Amino acid sequence: MAGNIQVVKDGYLVWVTLDHPGKFNAMSRAMWRALKGAFEGIQRESDARCVIIRGADGHFCAGGDIAEYPGFRFDAQQLEQFHEEDVWGGLQAMLDCDVPIVAQIDGNCMGAGVEIASCCDLRIASTLARFGAPIARLGFPMAPREAALVAQAVGNTTARAMLLAAEVFDAPHMLARDFLLKVLPQEQLKPYTLDLAQRVAALAPQAARLNKQAFRALNMPLDPVEYAQEAPELIAVNPAYAYANSAEHREGIAAFLDKRKPNF
Amino acid sequence: MAGNIQVVKDGYLVWVTLDHPGKFNAMSRAMWRALKGAFEGIQRESDARCVIIRGADGHFCAGGDIAEYPGFRFDAQQLEQFHEEDVWGGLQAMLDCDVPIVAQIDGNCMGAGVEIASCCDLRIASTLARFGAPIARLGFPMAPREAALVAQAVGNTTARAMLLAAEVFDAPHMLARDFLLKVLPQEQLKPYTLDLAQRVAALAPQAARLNKQAFRALNMPLDPVEYAQEAPELIAVNPAYAYANSAEHREGIAAFLDKRKPNF
Amino acid sequence: MAGNIQVVKDGYLVWVTLDHPGKFNAMSRAMWRALKGAFEGIQRESDARCVIIRGADGHFCAGGDIAEYPGFRFDAQQLEQFHEEDVWGGLQAMLDCDVPIVAQIDGNCMGAGVEIASCCDLRIASTLARFGAPIARLGFPMAPREAALVAQAVGNTTARAMLLAAEVFDAPHMLARDFLLKVLPQEQLKPYTLDLAQRVAALAPQAARLNKQAFRALNMPLDPVEYAQEAPELIAVNPAYAYANSAEHREGIAAFLDKRKPNF
């Protein structure tokens, strides 16, 4: 068993669970590929309104599946393929997903866990969650695009402390760094996250998708090869105002002016 | 009455007041155009040294004037004109202003209020101030450039929580996010802001303008279409060291070495 | 005496000390040039694993050596040469250094001190440290690239407060702003910094250098003239995965799988 990614749709919500028993949900190559498929699928679900991503059994994700590493890490071409295709393929599918993503983080959130969480819009953690990327202990650096992603999400100082000093941080530190939106006692983690996801799902879904597209344009440095050329083009082709005459837009304004709750 | 923007010059200081009675100073189209005119005028005032922007009657600004929306929002071309000409015209005039701008924020600071505050250099708020942009309740997204502006000012997580979950935040949260420089009890808000503005106005004014130009170059991503090409050019044509022989520069150094207060 | 930069290598660690007696280690032109030489030298030391930079006698660095300023600041060409060659030469050498740099900050950390600290990876300060750049009192702005560097490191609001309002901040403020990793009582500053540097030095050194190269690519906006063109190229030519077959990489993975401590 190399672990798996469970996807369960429940009305407007989609639950994605990282599941690798006995390994704190460490990401195998198969799981990275499944993660890509999961989010490409969610992107095609026209009525998905909020994704919750979490780990099975009290941990988010402890990193990569180190047992697999001797099989491919010592050859530069295979290593590049692993990082740029498997890992970045999964992360890119999350970043490209127009549906809001909430991370529900408990226990270990290390290495690949921090990277996956960095692709989410809103991150909620239990007081027991721990964050880091102590891969310098394993003799290797974070791949450049992954380091860019993490540094942008956790802040420059915390990213350097994680990678250069193998520091591990608790949830209050990550809250102060704006990585987490909220830190809660473990028993409140799931109900709070569900409530937040339901609030997201009750809002105008087309607006959420357009907002996510706007935020994504800001994050183009994550894909630096294409930054200079594509950022302007991306903005230019985005039909930012095509939603004008949509039912959702009309309903929102009308409901406000009628002093009633909108029906999205 | 569609509200108005009051501008009062008092020596080196300029007071700008958002004023829309009965609507918590919500921005009408006329007010956006007046905001543009106000800051273009301030930019031409050679002896203006600090701007204080605030709202009338205990609130900063509650957002846009929703009563006007049915008149133009449901047509894509008119909607684009509203956002790119009226709204961005006002915000751009603030961003292009070389005079330091201090925001004095009380009560509601929502939607357009957050956008206007995001164009200021230093933001001071009362403990009663509230911040958000719950427009997904109204069925529409934030325009891309406005979302870029706000995300840069309030941070990525808070911007996403405001837009994707319609979260409203209090002043301590916005202080922790580095959006606010200081949070004070309501009765201290105005005297503290005035004192800060006077301290800004007592410093070398040419230096302030050059510092603002340098900061502006850093914020070019806000204008993404022109980023790749213009950022280098902007820096290149900026005569960064032309101030060398100015009276202000000579006075500052001389006063320090003479152990006296400079006279700017 | 125009001050000096002391460099002492002790095994894997390199101690760099800013030393200008009687001037709280204010940076003279000679010291900026020596700083450049110091870090170019460290970059060539193949077995350097961590740099600690600090000031002599209870202060980090109080700024520039103002006594020298009348000799060159009032001529635009000489002023540009000072900022772009002497100052930026020293800062660029620090930014270009692949070895992790820890700043040990006590007492005054002002102007040039903030700039030098902004080039470090991890910053530890005593509770007595004070941070600012009140050069508007001296009648001049921060040079654009230096302002970009500082704004990125201390955050937009704090940078504007330092430069536009001459505000001085204490260590807890700078900790909350993510500029500092840790604030400690003065007597714990040196032992904690040494312990941190030793932890950095015990980790895989090639991985640290590759991580620093990845972080550097993210900071290209600091060099805006070359940003649009060079960022993609930099990433493209960086042989990100050439470390695959290195002894360090093999040792790290092998030690983990053997459940023993790696020997880097």
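Each chain carries a letter (A, B and C) given by its place in the written order, and its residues are counted from 1.
In this text, a residue touches a chain if its C-beta (ideal position, glycine included) is under 8 Å from a C-beta of that chain, and two chains touch if they have at least 3 such contacts.
These numbers come from a predicted model, not from an experiment.
Trainee: Which of line, ring, star, complete and other names the graph you get from chains that touch?
Mentor: Complete.
Trainee: Once subunit A is fitted to subunit B on CA atoms, what angle does the rotation have, in steps of 5 degrees?
Mentor: Answer in degrees: 120, to the nearest 5.
Trainee: In whole angstrom, how far does the Cα centroid of subunit A sit from the Cα centroid of subunit C?
Mentor: 31
Trainee: If you look at subunit B, which of its residues touch at least two other chains?
Mentor: In subunit B, the residues touching two or more other chains are 152, 176, 227-228.
Trainee: Please name which positions on subunit B make contact with subunit A in the complex.
Mentor: Spelled out, the residues of subunit B in touch with subunit A are 66-67, 69-70, 73-80, 83, 135-144, 147-148, 151-152, 155-161, 163-166, 176-177, 221, 224-228.
Trainee: Within the complex, which stretch of subunit B touches subunit C?
Mentor: 100, 121-123, 152-153, 176, 178-181, 196, 199-200, 203-204, 206-208, 210-215, 217-218, 227-229, 231-232, 235-236, 238-246, 248-257, 262, 264
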